[in-house]
Amino acid sequence: MLHIEFITDLGARVTVDVESADKLLDIQRQYGRLGWTSGEIPTGGYQFPHDNEADFDWTLIGARKWTNPEGEDMILHRGHAYRRRELEAVDSRKMKLPAAVKYSRGAKNTDPDHVREKADGEFEYVTLAIFRGGKRQERFAVPGGNRAPAQASAPTRPAARPQPAARPAPAPAQDEETPF
Amino acid sequence: MLHIEFITDLGARVTVDVESADKLLDIQRQYGRLGWTSGEIPTGGYQFPHDNEADFDWTLIGARKWTNPEGEDMILHRGHAYRRRELEAVDSRKMKLPAAVKYSRGAKNTDPDHVREKADGEFEYVTLAIFRGGKRQERFAVPGGNRAPAQASAPTRPAARPQPAARPAPAPAQDEETPF
Amino acid sequence: MLHIEFITDLGARVTVDVESADKLLDIQRQYGRLGWTSGEIPTGGYQFPHDNEADFDWTLIGARKWTNPEGEDMILHRGHAYRRRELEAVDSRKMKLPAAVKYSRGAKNTDPDHVREKADGEFEYVTLAIFRGGKRQERFAVPGGNRAPAQASAPTRPAARPQPAARPAPAPAQDEETPF
Amino acid sequence: MLHIEFITDLGARVTVDVESADKLLDIQRQYGRLGWTSGEIPTGGYQFPHDNEADFDWTLIGARKWTNPEGEDMILHRGHAYRRRELEAVDSRKMKLPAAVKYSRGAKNTDPDHVREKADGEFEYVTLAIFRGGKRQERFAVPGGNRAPAQASAPTRPAARPQPAARPAPAPAQDEETPF
Amino acid sequence: MLHIEFITDLGARVTVDVESADKLLDIQRQYGRLGWTSGEIPTGGYQFPHDNEADFDWTLIGARKWTNPEGEDMILHRGHAYRRRELEAVDSRKMKLPAAVKYSRGAKNTDPDHVREKADGEFEYVTLAIFRGGKRQERFAVPGGNRAPAQASAPTRPAARPQPAARPAPAPAQDEETPF
């Protein structure tokens, strides 16, 4: 038996029993669809393989796609809206990094220091997830979905798994312009 | 089986077993009525849809209505009294925000930095909850209650659900004047 | 089923199963008698009704009465000794506060910032509990005890409930003079 | 049923079920022998009665005796070596303290502020335990052991209780000279 | 019954039931192979005996060997790559330390203060593990493996134990040059 600790969409601390390890991602999808999250965003953001970005199942981390009033595709996670941004490959003598896709937002004055990253000038931002390198893992994809083209705004196919409860649209505070 | 972690009105850390996910809000109401809370107030306060404000069930977050000695309607949460305040819609080139209702209090010198928000001048305040945008969710309403007019001071209808124990009036320290 | 998390008198983290919610205070008394505590002292100290002070059951929060070498009545909680102090009612234009009884000690240099409160001059102190206003709650009283006169030094009647184990006298470090 | 949370010698977070409250110290001894600890060192160090020092059972807090390369008797706890030091009684107008035995080490630059105590000059140290005043408690003594003379270097008698597994000698980093 | 708390490779907080204490290391290996970790890296890094370094089973702490694009052998732990470095024995009047092998990386600006260690100049680094002194413990070795030569790049023999799921290659962000 396993037990996974969530913070619910209402901020409550709730543990859910899980029958076996192979059921764990299903449970994360099921409750992630309600906006429940488990654990903190890792420092520097979640790291996923680049080739998982196109059809990444955001419910795995309690996030979902959201179109802001300006019509932009965003990712909503715990009330914060993150913007998609493509990072070109770096190939200098000092650093060698493959191309990446990053989801980030501007830092707010209530964000703790250890999640703030510096950008050009005085901008500081917070990263939700970065997709870079690695090898695609099927377990991170939207279940039952055909592989979508490499664009975050690709429509998500309806999930085949049962949903314990429909989640009505939450009320996200609209972010200030995120520089990244 | 689920398990929800509370801080009781006496400050003790107590976990309560919950039979199934659809019983969770009932349990939160039942113990929230005693002043028990689960998890922390999210940074920037709880976010709820604007149209839930009139008949919001404050027991969901362990809070309750309270009239202070000056006759003002306040919301009491973990010994702090929060004042209702209406925020007008913002529609500038830089920001576009719908009208909102915010419950906040003046910051105290024992409040940690990450909950303090700056206001005009040197005032700092702490937000309990903000009701803005979104779509009304019935699950947040006082159960069995008719929809009250859009005023926090609307009398709460007696809850239909069984109460495990009556909560005698606690002894809230009266807040200093909260600027917000 | 409920589960309450304690820090034992030896500092260990121990959870105790509790059959039902109405047994919870009994369990807190039973283990509080051994010096076990659950949760942190709330910021600014525990808040209780003024009329509970005379016969307050300190085992509820893992504390106990203690007479220091100078013959003064103190309250001992997690190795710290707190002194009783009566606060007069405040009735100014800026603030209106009923009379209170406060248990506090001088701050030590190992106390974190968020528990330190400023006093006159450079004194800083830490509050364990404040009894002010509100309505007496029987559940906070020493069980089976007649109501004692309004003095912390009143002898506590022997508790009627079974004690799982006698607690030998611990070895409290004697506090420096507490200004409050 | 009780449940005690440990940090294992490998740093893992492991909870152990305990049948009843009177078995708790046995379990703490059993796993403490492996270097497992429960909870944090209290601020200012563990406080024990003075007369428990001679035959104190260090397994209760996951510590053990260790002789450093210079032949000195030390107490090893979570990879840190603590040195025994006798404190004379203080009997001034300002403070009155009985004689004590303290186990402490010099502070390292990775120690958080709240565990550092100031000594003469610029020295800072960290206390594991202080034995002062109070009344001897048999439950803190090495089980089955004859009372040893008042010296930390007294040989520990073999414990009568079953040991779940022998603990091979760990690899403590040798501390810098501890001033205290 | 025991229960071990993990952070999964996805950052979720999951507890796994363990039948008995002697099964604990098996469970740590089984889930560590998936990149799950339990507890924090101890301050100053994990401490292991020097003679365990050659065939240390990195799955015990949720880490694994990884060859970076420059062909260097690194240890990967929670998305950070650590470099192997041999420390010579110190034998001065002030300090006496046996030779050691240390796995460390350069500090990042999101690393909290208490894990940063100072090096020469302005470099700061973070230690994952240090192998120094002590006596080899078989329980830390790769199970079923022949003892490899004293080199971190020694090929790991396939583990004999059942693997619950293959872990596809993750997508580690390549570290900046680590000075240590």
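Order as written gives the chain letters A, B, C, D and E; numbering starts at 1 within each chain.
We take it that a residue touches a chain if its C-beta (ideal position, glycine included) is under 8 Å from a C-beta of that chain, and two chains touch if they have at least 3 such contacts.
Computed from a predicted structure; not experimentally measured.
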Exercise. What is the distance in Å between the mean C-alpha positions of subunit A and subunit C?
Worked result: 45
Seminar exercise, completed: Note: subunit E sits from subunit A at a C-alpha centroid distance in Å of 28
Seminar exercise, completed: Where subunit A touches two or more other chains at once, the residues are 3, 15
For this session: Pick one for the touching-chains graph, please: line, ring, star, complete, other.
Result: ring
Seminar exercise, completed: Chains encountered circling from subunit A by way of subunit E, in order, are A, E, D, C, B
Problem set entry | In the complex with subunit A, residue positions of subunit B that touch it | 1-5, 15, 18, 21-22, 24, 28, 38-44, 46-50, 60-61, 94-97, 114-118, 130-135, 137
For this session: Please name which positions on subunit B make contact with subunit C in the complex.
Result: 3, 7-8, 10-17, 31, 69, 78-79, 108-112, 164-165, 168-174, 176-177
